[in-house]
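Working notes for the structure below.
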């Protein structure tokens, strides 16, 4: 027999805390102190229906996995649950107006356009999570800017009637040398979450990397796979290696073709835009100077399990538990690429985590330009597959990486924006736009296939020159500029006289 | 006997499609699928008068050339054709107000001024076609900016009473070392089209390059020639080499003095500003992700015949069909200049097509500075005439190119803007302004004639340094800057509370 | 028996000038010409209560120290002192509104935030004194910007579970390698002044440097010390060496652990923002061109005692009067660091005085990068402790200095802003935020302790490149930009016709 | 007997043209075609009083010198001259309001401030003449910016109690190493003209250079000299060498101590801001493309006599006609400095004429840094005195030039702005501010006298790096930036449909 709303409503504080999720009641009283996102956020929904807030940041199997069966209280008769009357939120009203005026998908001509639309129509907190980056967001900006310091030296009078940009990454043939890289919390942008990306990737023969922190469960994302579609697994290594082992071996069994171990995130970054977007609570005791850890945004809440002690010594163990190729994701210096070759992994992703971790980390493409000449000099350039991600927005960016020696590039946020703004069709159009650009730009560079791309097609002399100070928005907007005198002073007022 | 409007109006769909152009009816039913601009655009005028839309983008001999005589249905009694009642378009009304307030021609003091006026008074779509460039328009901006990284080292106390900047290009004496380079679709800016440029060029003894994609027919432009005026031919090579041969040999017969083969456009570029300026149709089915090819702007529509297989192997054939000097237009690296000398052409234009093709192509003047020292070192600098185009706006730009070793420079857009804003008088004033600047600046540099210009008059140390990131308007305007806190949060609202 | 207000009010001009401070009357007639801030400012309060203006810029023991006991006239019955009716100052009203809307402390996520808040809520003159810098404020901006030209080369797969950033400076163990550097006039920002910083520093185990020009007396600041808290003394050297000796030996007796002799301020800088913020007096005779010295802002008024003849020859004398380690604060070139080692001091602070002295002085971190390789090459890098201050706003800035070889960094203004905006809690939160950033960024760089930081973790290639012109706000905003013609000229008006 | 107004008014066209200047009538009919500023401007005043327009641009002895005595018609009874009723000009009304609100002189704290005030309160045409520069004004901006690429390496612990910045230029002792350089048309800014500068220079013991194109007559400026004040002569060389000889020898007789021959102006520059500020005439025939020469601004009108054939061959002749030291003003490359030494002149001014001539000429200070090492290497640095002008606004700029090896610097526009805004007192305050800055900055650099300045006090590594593109306002403001889609297109309108 189903519970009544009033039964649940009675358990509305820390002493006894029940919540409703998807029509079922759960007793989370004992779980409160263990909740990675803090207990405060659960207590807001004590005795109430928390589904709407629960969904985007918890895979559907979360409660089954983490809450003992004895705490599953069974179905609730939802007709008896009191619906909270929500005030009209003027900010939300304006957002919905912008949604109604959303540009047509066919008005989007490049990847920036999706970002522009998403920024206007996404909920503030979701936008904050997707778009934020570390500290002053200088690395995030640099990721894109670095490509602007690389110029082309195109060849003319090459027969470019037929352009073929298909390629092979980790043994998988694919239509174009980029993959959908792992990004967390897909349901913040679209109610269906990461499976939307899976379906679009299938249509375009593009490889998808499945994120550890997906909103969908791993199996949902694999189940959405069609035909011989290829997926990789991105892994945050859990402090409990047994859990890690279970995840890896399960992924291999389910057909994943590559294991990308994230190595640039022993701790998830502080992303201030994300933190600010959460801040709405004018509670009385928040003036205390100590509580810097309460509202850290989504990133912190979901990442407490990540192991900061992960080290080179762990790599052989990974090789022992799986036959998938192992790729280190987040390598940032040539020395570590050489070491990766030494320990026998199959690939590296030169990446700074989309600028979301360490500010002033160099862009992947700059590290690539530092790395490949060293590998070539030592005859190691074919011993490992080198990937790059961060800031890729144009086919020219992809081509630049391939000319330098990358096997492929990862693209993340742009597809989230496309998905958030237009769903699967948006993602497909984003893929198609990149393909159109790819065909045209390879033609204009005088390269008919991926094999024709080489460093001589680039002028990278400016790449390592960071002399242009990146835009530091916070200090620029805070700085009080000097002023020239404009008119006579007004008559002096008491309290403001020159006295010093 | 003339057709009646109602006769034509009956054929108003894809099954039977008649249109009226310049008072004559044509049956284009069978031609629909072959129309380079797509059939959709024709069907809008099925059964109607299409003259106004037809004119700017089709040379007048188009229908005679491409539509079988049997489809020419003869004259229409235009009094019987129903005139569509056009609503007042508020955007057009505003534009006409700006036209009425157009600055006086004598208020224009430099080439930028014509662009500023044209931008205000041209139709949006025409402005979009002329002013747009590839991708993020970084190459277009760089073309002009590159000149800003070259500084002068002027000589003093040189007798500069008499300044002579006349010169010789490809054997032709001319008044000043620039030519009017080829640009498409002149009638978008002026109802008379390219002949306006021809007449102005004659008055100032300036060479004109005739574009393949002119709005006027080739013969109209040649017919507008006066006295011993010199014209060159710009050629997009057709997939059908017989057509190409016919065009080249016809041009030679009509007196053209140089054949400029465009080699930087195996495919015409994606110009997003142009594409956006076309977009006005909120049709219901446009949300589909696939249709990236329907509204590609003017550039794509008119260029489908261009041969992407054109290669170095074709050059001997060109030499076999004409005695005109052959110049490769769009060379972008010193290696290809050397190869051009090897295959025996008479000249190259270092150009990136005005930034309209490949974004991040280097500017012509930078490639010039890369090229000439190599040619001089190998004793090849007199074996070929080197021209440059892209971004030239000031006589100082021209002088910089000549100091580096160019024979002359091409200027395109500025004259289109002058023509669009003020017709032939505008173009002539643009020429005169450049001559005034030329005289003054040669005097100030201490050079009395073109022969006195040499590399020692320049400081080019900064030219190759691209460390200043060019302005990437799309990503800059899309980026959501960080913000500092300004005031207390307002009282929390349901639906926006911090929950993660 | 207490004086009456009317007794004091009768002495209201230069001939006989009494003032009330903290309820006591003083005869300052003879002192007028000696007042470092000029007599004009005192005469404004002749016969009146000057407490409010006196407090922030005079330590409480000032009158006892500098005014002969015979001039102390004793207590005043404050009920008999006429209270001046102050008009409502609209600027002050607006400021108070901003104070009421002040963001919550928990909304501040980084050091910039405190500055943003302080700028909005501080009194104009106080903000002017704290935030101003020399000339065009280019050095102040450069101090922060220089850090933006240093990028990281992070190490991955290092065990960073435990992060320890405690360190030792001048023999003192402390929790984090920064100290609160000396800044003047703390009471402008907070009525309690520098002791607020002392208390916060104690809570966080951070070293404080006591400024010569504090608003609190030296002893008040020392008295506020708790436990084994460590303080240093910053010293402006007085022309009268006996006074200097007394100050130094008193400090040593009171337990100060380091003597920082300021060597970059033989004259305190002209800070125009500060000077402008003082300007409110539209007096009739101010149009005279000579009086540039009347309203020089707070900095000049309080610094007339500083000895501009201080030289290397004085250093042995300092060594003779104290056993505290001696550190030269304000060294700006490697040659002077070498000389400092020669004369046997224990440390240097590479500093340009927060940009408040000489404009176009290089940043401390740049001088550090110039200095340390020279020291290492000569085996001198352990012979002296090198500190840096200027522009530090992020833990990444601290880490960069330590990687280069600094022992610690000084931070000044940010803590003043935090104190001005939120008092002691604000300062503590600022400390905590830096610690949070420090922990995270050391983890992300792959360094578990201070000893793990080394130059190889940085890419400093761009540091010495100043090719980006710093923002010179005055000339930029003064410059009259060129304009393009927008419309026809209006009908000519008499008096403006073109006549030349 | 005086003429009546009606007598003059009858001669009001080109056939017979009389004008009144300072109460006297002149017959200028025959002079009309010879007027350097064109006859059109005189004809506007045919039959009328032209005094107000005549004054600022003609020295008072002009009519005596250039108009035959027979054309001097004698005094006019000014009461009988009809006064033109001027309409209220709203622009002038606004300007006068700004004049009334002019900041107090004591609010000006640096040289930029005078420019800011002058810009607000000067007449548009006068401001246009003073502030304008060549082409895109990039050289003018660069002149100032170049100083921003030079940084200091200050020395500490030097005894700087006494600062002495007096120096000697061309044998003349003066109070500070700058001079008032020659600038034209002083009466545009102040009704008294250049003598205002003379008087202020005397008060401050500063050398003044007398301009050829002064508003005051040469003798008036010399007559204003007091005591042992020193003046130099700036010379534009007249095509008629006899006139030149007369000017030079007259100047020497009147006591001028240096002859500065301008060598960077064989033709005066096109200054578009100046030209635009003149443009007010919407005449009907101005649409003709040819008339680029009618409204060239003040610069062109007053300079037609300058000899463009002046060359190195003329220098010996100058040496033969005067014993004054000869200095070439406007040298812009080290080769020409060497040649100047060869021909035996006593000095050079490295200058680009304040950016008013050739755009993209390098700044004087950059040429100085190119020149001095070459001179030193060849042992020639004491053979010639090297001066610099252009962009100097701060004492730090002066010090940088002196460290590099200059004997002194010229400053022009800032004193014109000070004079225009505040008359003689303004100029004196400008001098005093520079002296205050000079004293402070020499102290902060650790240099007690001019002899202590040397290249080791500078970091000039960035000086030659022009990689930051200068602000090109015209092209930046003209460029049509890319845009992202913001909302759905509105319903299509006829006439704007997508058709291409």
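Note that the chains are named A, B, C and D in the order they appear, and that numbering of residues resets to 1 at the start of each chain.
Here, a residue touches a chain if its C-beta (ideal position, glycine included) is under 8 Å from a C-beta of that chain, and two chains touch if they have at least 3 such contacts.
Owing to the predicted nature of the structure, the values given are computational and were not obtained by experimental measurement.
Touching subunit B and subunit C together: A, D. When subunit B is laid over subunit D using CA atoms, the rotation angle comes to 90 degrees (nearest 5).
For subunit A, the chain whose average C-alpha position is most distant is D.
Centroids built from CA atoms put subunit D at 41 Å from subunit C. Between the Cα centres of subunit A and subunit D there is a gap of 58 Å. Residues of subunit B in contact with at least two other chains: 104, 107, 112, 116, 136, 272, 276, 279, 282, 295, 465-468, 474, 477-478, 484-485, 488-489.
For subunit A in complex with subunit D, the residues that touch the partner chain are 98, 101-104, 107-108, 112-113, 116-117, 120, 467-468, 484-489.
For subunit C in complex with subunit A, the touching residues are 37, 41, 44, 53, 57, 84, 86-87, 89, 91-92, 104-107, 109-110, 112-113, 115-116, 119, 124-125, 127, 129, 131, 136-137, 141, 144-145, 148-161, 272-273, 276, 278-282, 295, 297-298, 301, 393-394, 396, 422, 425-426, 428-429, 432-433, 436-437, 439-441, 443-445, 459, 461-462, 465-468, 473-474, 477-478. Across the complex, subunit A is touched by residues 135-136, 138, 263-267, 269-270, 272, 275-276, 279, 282, 286-295, 307-312, 314-315, 328, 330-333, 335-336, 357-362, 464-470, 472, 474-475, 477-485, 488-500 of subunit B.
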